[in-house]
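As structure tokens, the structure follows; a few thoughts come after it.
Think of it as A, B, C and D in the order they're written, each chain with its own count starting at 1.
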Amino acid sequence: MTIKEQQDAIIEDFSFFTDWTEKYEYIIQLGKDLPLIEEQYKRDENLIKGCQSRVWLHAEYKDGKIYFTADSDAVITKGLVSMVVRVLSGQSPKDIAEADLYFVDAIGLKSHLSPTRSNGLLAMLKQMKMYGMALKSREL
Amino acid sequence: MTKRAVIPDPVLDIEQIRKDFPLLQTPVYGKPLVYLDNAATTQKPQVVLESLYNYYTRYNSNVHRGVHFLSQQATEAYEQARKKVAGFINARHEHEIIFTKGTTNSINLVASSFGKKFLQPGDEVLISAMEHHSNIVPWQMICEERGAALKVIPINEQGELRMEAFDELLTGKVKIVAVTYISNSLGTVNPIAEIINKAHAAGIPVLIDGAQAIQHVPIDVRELDADFFAFSGHKIYGPTGVGILYGKEEWLNEMPPYEGGGDMIKNVTFAKTTYNELPFKFEAGTPDIAGGIVLGTALDYVQQIGITAIRRAEEELIQYAYNRLSAISSLRFIGDAGHRSGAISFLVGDIHPFDMGEILDKQSIAVRTGHHCTQPVMDFFNIPGTVRASFAFYNTRSEVDLLVEGIEKAKRMLM
Amino acid sequence: MTKRAVIPDPVLDIEQIRKDFPLLQTPVYGKPLVYLDNAATTQKPQVVLESLYNYYTRYNSNVHRGVHFLSQQATEAYEQARKKVAGFINARHEHEIIFTKGTTNSINLVASSFGKKFLQPGDEVLISAMEHHSNIVPWQMICEERGAALKVIPINEQGELRMEAFDELLTGKVKIVAVTYISNSLGTVNPIAEIINKAHAAGIPVLIDGAQAIQHVPIDVRELDADFFAFSGHKIYGPTGVGILYGKEEWLNEMPPYEGGGDMIKNVTFAKTTYNELPFKFEAGTPDIAGGIVLGTALDYVQQIGITAIRRAEEELIQYAYNRLSAISSLRFIGDAGHRSGAISFLVGDIHPFDMGEILDKQSIAVRTGHHCTQPVMDFFNIPGTVRASFAFYNTRSEVDLLVEGIEKAKRMLM
Amino acid sequence: MTIKEQQDAIIEDFSFFTDWTEKYEYIIQLGKDLPLIEEQYKRDENLIKGCQSRVWLHAEYKDGKIYFTADSDAVITKGLVSMVVRVLSGQSPKDIAEADLYFVDAIGLKSHLSPTRSNGLLAMLKQMKMYGMALKSREL
């Protein structure tokens, strides 16, 4: 699936929720579900420190695609992180670098991308795009 | 929880008082707002907004030295506000009241100006482990500049100052002590009278960070004998952008000016500039005229309701909140001092404070989460942050009940 | 008087515009106010007052890091205002916009912070003889602290910078040039593009004091290539207590922080504190949230009217005032530059400016008298002060006529 | 005449003026009238520097009374100065030290006594009272 298709699928999923409780329960579930990153990658150089919650991000480049794993100490952030990973992981550096992540806004969690909230999600996204940019230029 | 005897005061009619605050009537997510972030900033009563409007529509003008009518009016109102502030904290002289931008600016002024004059290599500045960053970083900066050392009074597990350690730290090397009256992250009320007495016995001046005290307890700087006292207007129902530094005349006269510019000078030539008298020496540039005047209105409002009545109402409310929160299983308080005021910090199970804050927000309950600009306190307790509910006299028991319900719901969702 | 070609702009309907400003409708001594003290501070349009009211009644909350709804709203509005300021002066990046208390605070920030990093004994700071005290005293203070010397570009009898002297003074010792765009006491418009170009050719950064420029002429900091640009909100129809420092990222990143406290840090421990990124590194403590947001509204208002239309209306009005004042016998202008803006300073016979100001005031005409915080200018002309009429686009020709009549009456009484 | 009588006389004089122009013309006339101080006393140590206008004050103590002469470079200030001198000069140190100068307010020129206007009048008054205080204590 393309980045756009992944996002539209998420937005579609969220359209079934009738109130905020259901929506958050779903995100929290996503956050609780799986260990998103191997313990060995949860080290300081992969840490993106927000003011409120922390995010770890690990990237691997294989066969022209970037694969992300990530984690957060706050469960709602982790739920969001898992969706971002779902959207961007396995895509090409170019597509990642140019991606427009509209789904966060569309599902009503835009505030997590506020630059001054600094919960780590925005910083993680920036970091992912940096990987995309760096690897894209290496490909040329 | 508090050990202070409760003095009988007129009981406040909170429902009536709430009507004074337009923002408290504003719904959030379609439900009534439960505003429990008062330690961050307070809401403003209608009279404050009217005073602001009145200033800008009737006598807005630059102050000092103006010959014309509006300028005279603005100047008089501004200086009248200074008088009100002096009265509110019982300062000996009006010129001991310096208008600043806020507590942070007030403390920076003292750190820089006092530090440049009095700090030498090897000297020490003594603060505490529960200080707000605004009462840490300015001292770190000036200590580095002057080659002085920053020493820290430790806290115990209840979040109280370890006074026996204070006694030991109070050596002849200490040139100034800077402590908060009330902790913004723990709610602890510190024994500042004792601290000031002991420091003075050793000839050392004391700065009190009053950011979380001025709105909750009566302040008498003369009785306390504080050398410096700092607070912010926006935390006592006044506007953003204005604050106060009280300083004893003796110290302020000794200290060099902080910023240079209009109003703070007597005479300027390129060869030599002579500085103005107090308070103007420390007020460079056009001040926040509206802010100063309207802070005066806010203090009038508080005085009219009565600060002791406010204290009593808040103490009762906090006691109620404390009792109700205690009953929530797996909730633990961060900071559990014998004497507290204003704020209650807590954590629930291993729920991240950020998650708790978000789920409370969705229920129209505004609390603050995070380190509250007191990272060393978080490091001490080895936690990422806390959830903090902070109270004003306009909060009610039913709001506390909503908070408790909100936490229970968050627990169900997050645990 | 001005040599600049007049670009055809939409003609402003001043009578309509005046209705936007409540204070202009307020009588003084029972007569309509003639407010000609705009260089000291400007009056505020209704939209600005509404924006202020709106903030305090709908989303007042502390900014940054807050999880709850109000805090998000306040933060967004505050950062949106920063974006507006960046757009208004065409800054490259939003984070090059630092909210300060005003021009004076902005200049002190640069003097202290730039000075601590870049000034060494023997270095020089170059200012001009027509600077406001706010662009003199901060440099005197830091020069004294760092053992540097303050050099001064002289002015001529017309109140213009002597550019040939500037060329000579611009030696390799100079570490920074700080000049005003427009003189508040003389009305002179300085050739700042030329000054910046020449300084840059020598690798020297330039601070522009834009306090009297921002409200009168279009500002493009990128085109000017200014390194620092300072102005006050209250002089551009915004609230008191807020101002702006624009600084190039390259410089701001190099400079140490100015004040310490909440918001300006990344991480605080007693052992080591790391500072936040731009712009927060220079914004310690709770900012003037309302002030910042409402300054944004004021800039929106100016942009909607159009700064070039404003310039044109003001230039025409000042030309008219200049012509009419010229016809008053024994009136002499103090400062008679080929290119002027905003203010006209004058003296009449040997009438003391203070007397003139008082008699004008009694006729409901507000002008400013005295040294206008530019004592060295007064010393240069060997006068005790001037009478200064300063204009905004909401002033009218009939107000100029009233000024002229008022001066004639004062002459009859005083001479 | 006592300080009170002098003040009341001035207030009485002013009660005849029907508009501000007449009042100011009178004050200006007072200010223009006489040289209020001998040239030799117009020196720096007698100068009270306000921000707007300057005032010179000279005091002489004779037979238990203080005699003031004064001047200002602004004519309205000078007019006021001459009235203050009329009220206080020739009075006893004690009376000067304790004097309540209500006439300035009563004739509508209170703004000249505003501490932040600093035109020198207030500073002059303070200085006069200081003389009164100093000489009063010498008498005891």
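Basically, a residue touches a chain if its C-beta (ideal position, glycine included) is under 8 Å from a C-beta of that chain, and two chains touch if they have at least 3 such contacts.
Just so we're clear, the structure is a prediction, and the values are computed from it rather than from any experiment.
More contacting C-beta pairs link the chains of C-D than the other of the two pairs A-C and C-D.
Summarising the inter-chain layout, the chain whose CA centre lies farthest from the centre of chain B is D.
Taking each chain's centre as the mean of its C-alpha atoms, chain A lies 78 Å from chain D.
Annotation: 45 Å between the Cα-based centres of chain A and chain C. Mean C-alpha position of chain C lies 38 Å from that of chain D.
The distance from the centre of chain B to the centre of chain C, each centre being the mean of the chain's C-alpha atoms, comes to 32 Å.
Counting partner chains per residue, chain C shows two or more touched chains at residues 29, 65-67, 267, 354, 358, 369-370. For chain D, the set of residues touching two or more other chains reads 51-52. Note for the complex: chain B touches chain C at residues 22-23, 26, 28-29, 33, 35, 37, 40-41, 43-44, 48-49, 52-53, 56-62, 65-71, 101-105, 107-108, 111, 129, 132-134, 136-141, 150, 152, 232, 234, 239-242, 257, 259-265, 267-270, 273, 284-291, 354, 357-358, 360-361, 364-370, 373, 375-376, 379.
By the touch rule above, chain C contacts chain A in their complex via residues 63-67, 72, 75-76, 79, 266-267. Here chain D touches chain B in the complex through residues 49, 51-52, 111, 114-118, going by the rule given at the top. Within the complex, the chain A residues that touch chain B are 20-21, 24-25, 28, 51-54, 73-77, 119.
Across the interface of their complex, chain A is touched by residues 29, 352-355, 358-359, 362, 369-371, 384-385, 413-414 of chain B.
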